[in-house]
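Look for chain A in each of the two complexes below; its partner is chain B in the first and chain C in the second.
Up next is the complex of A and B:
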């Protein structure tokens, strides 16, 4: 019973992390239709900038967080302007932007290697100490992530569903021409979506920096996890992404318990291929 | 075969008699391997229009086939090269099953997920594959008493060049055959090609399998030559490097990616020796890839063709 509970709790932590990692990727995919391969690299940049401001600059964690998120937001807008915008309306836009964002990923990772070097760095935790939930112990930082993830996602949902700007984001995602005819500034909306997605990546990166070592390749594994979640959920809605994050997080925690650490990623990727073949619109997607 | 290819081949054939140091020959051998990988990737990307990320997985299949066959099972290293081609083709057949039904971004995702499955399999089966550390001291190539490493890698140079020549002939023959033309028809107008009786599924499966054979053999050769097999070949680094060769060279040209593979490989290797350039060279390649996509979507091969066309018209 206690093992089950501990597994459940670790599944919950994973699910919250995966939901955060995937939220920005999902947002950019739904609005612009771009699969951003630089998403993980943006997390890494967020963590490095936060580390520089808070540890090297000595300004503390909160200014670091703000600087990290601000930097990735600006980078996101730049990436959209230079690497996405020139290709709008092209027949193979989705595939071309896969290649340009892949190039952006390489540029960001190698730049980080040049600027910060390969030595391991770590951010302090947002909250110190551990929390015990009837026997299952997690760090307070992880508990914060579990609380923060749903809040951020709800805020994002509220934004895209309730505010005029958020609605225009969705309108552009559904039909660019109709949205333009309604007077929505389509290019601005694209820039906004990319900036917001990149900001979410930066925030995720800063949170990751407290539990993992910050290296130039910090973003590779989260990128792949975010991809898995977005594909499982179906390339579409934010709600499906959250559901998929829960399914993957829990599945991973319980698979580690039953199949062991080595076979779990293998099983998850096989499941992913099965989903792509049988339900290309995702587990929760409509065809 | 046009005269430029013949001239290039001629130069490469006599080159070892003038270039005798083993490091330069080593660079040529690796450039041949990359050229095979890039040009075969072009068959599925440029001709079949399949945006697959599976080619490094086919290459890795060859690498590990050779490593396991030669080191663990004691197969003669020479035989592992065709064996790698066979296992890579089999891998491609497995990948092709889902890919044949999917389109666009889903092909990217499924093939990328597949290369990750392979990576996880290699990492988890460390008693067979050596896990994250990989395998070392794989038996080297030799015939009788003659070790191919001798005479400053003279033997290896010609094995690699032979593979590249075979692969290039094969690709040129395939793309000019009715099958190659049916691939182009499918890429340019799927509905119309389908209506004319070309089976989409069959063409896609065949294209993927056909483009996996030589990368598999190149992978096996790579493992036998370097005597190392490492899971690093499945990383983003190899993927983006080879992809940049295909794109910068020019898709659907076969020869473009071969020339680009030489140019990019030698450029990055030269920069690797320059202080401060170790990491920066990858940024240069990535920027070049973006610039080509933006301003010369057909790649550099197309630019040269346009020049020729203009010249002819003036005359």
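Up next is the complex of A and C:
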């Protein structure tokens, strides 16, 4: 019973992290039609910058968090400007940007290797201490992630559905010309979407840096999971992404318990393929 | 004083020239109609006017200011609003959400609530379907939403591309009434295949053929129906 509860809780933590990552990816995908392979590397940069400001600079974790998110936001806008913008309107833009964002990933990871070295680093936790829920113990930091993720996602939903600028992101994603003819500045909207997605990546990275060791490849394994979540959810609405994150997070936690760490990724990919065969538009996608 | 002055516009897609040397002026207080055979450049002309395409030659002035080559969002901000032919709008958005969002520019946001009421009064069908997703609207309803969105932009000149394309005669009549009412407060430039509608809504009509304006119809030289049909089929009028 206690193991089940503990597994459930760790599934929740995974789901929260995946949902945060996937929401950034899917925001960029739905607005611009680009799959950002540099998303994981941006998470890593966020964690490293936060570590530098917080631990090396001695400014504390919260200024570190702000610096990490600010840095990835700026990097996101730069990536959009240099590596995406030149290819708008080209017929094979999706393929070209797979290559350019992969290039960005490699550049960021190698730069991190040069700047921060290979030694393992870890961020302090946002909140110290542990929380025990009827026998299952998680750190307060993990509990914070589970609480924070839904709040951020609700805020993101409110932004894209209730504010003029947020709505303009969705409008551009659905019909660029019609959006432009309402007075929406499409290039600016692209930059905004990329910056916002990168900010979410940075935030996730800082949260992750309190659980795992920070290395230049911190983001690569989570990126693959987040991609599975986005595809599983059907590449679209925030609700579907959250649902898919819950399914994947829980599945992973319980598969690790039953199948072990080694076979879990295999089982998850098998599940993804099965879902895509049966429901080509994803688990929650519209057919 | 002319509100729109198009001078010597030419251009097309890549190496394909669609428009050659089009000159048009829209005087304040008049509504202009454009018609002509399929594929002869009417839509292309409107796209250049609203900034979706850059002309390779010529200039466009709106309200005395040069807007040649300006971005669509700049042009909308200045008040020239273009509704596209067969616009699918935003499939996943609802009717009310689309209309609210359409008042996007600063100028449009002032007085948006009153304008929304006017749009609902003009198109009661939209008011009945506030929550419905655009992708599930009928062709006629989508056309109304398209025009309604354009009105939400607070147009000072409304440019319409085939507003009654594919609509039933009854709906066409409804839309004609709506356009006449709109033209009381906003000058219109309308591309339309239905010449009856053009004659009812606009004061002056021009025939676009092979990317050129080949004929102009005003109240003093109105040709009869047979002549207009002849123009369409390219016979000597």
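The rule we apply is simple: the second predicted complex is superposed on the first by the 286 of 287 C-alpha atoms of A that agree within 3 Å, B and C clash if a C-alpha of one lies under 4 Å from a C-alpha of the other, contacts with A are read in each partner's own complex, and residues count from 1 in each chain.
By our rule, contacts are C-beta pairs under 8 Å (C-beta built on N, C-alpha and C of every residue); 3 or more make two chains touch, one makes a residue touch a chain.
Keep in mind the model is a prediction, meaning the values are calculated, not measured.
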Q.
Taking the superposition on A as described, I'd like to know which of chain B and chain C A:86 touches: first, second, both or neither.
A. first
Q) Now for A:100: first (chain B), second (chain C), both, or neither, which partner does it touch? A) first
Q.
According to the stated criteria, A:181 is in contact with first (chain B), second (chain C), both, or neither; which is it?
A. second
Q: In the overlay, answer first, second, both or neither for which of chain B and chain C A:167 touches.
A: second
Q | Greater residue coverage of chain A in the superposed arrangement, chain B or chain C | A | B
Q: Considering only touches as defined above, state whether A:124 meets chain B (first), chain C (second), both or neither.
A: neither
**Q.** Where chain A meets both chain C and chain B, residue numbers
**A.** none
Q. What residues on chain C touch chain A, complex-wise?
A. 50-52, 71-73, 76-77, 81-84, 87-93, 97, 100-102, 104-105, 108-109, 149, 153
Q: Report the residues of chain A in contact with chain C in the complex, numbered from low to high.
A: 161, 164, 167-168, 170-171, 174-175, 177-186
**Q.** Sites on chain B touched by chain A in the complex
**A.** 51, 97-98, 101-102, 104-106, 108-110, 112-114, 116-117, 120-121, 123-124, 236, 239-240, 243-244, 247, 279-280, 282-283, 285-287, 289-290, 293-294
(Q) If we count contacts the way the header does, which residues on chain A are in touch with chain B in the complex? (A) 35, 82-83, 86-87, 94-96, 98-100, 102-107, 110-111, 113-114, 220, 224, 227-228, 231, 235, 262-263, 265-266, 269-270, 272-273, 276-277, 280
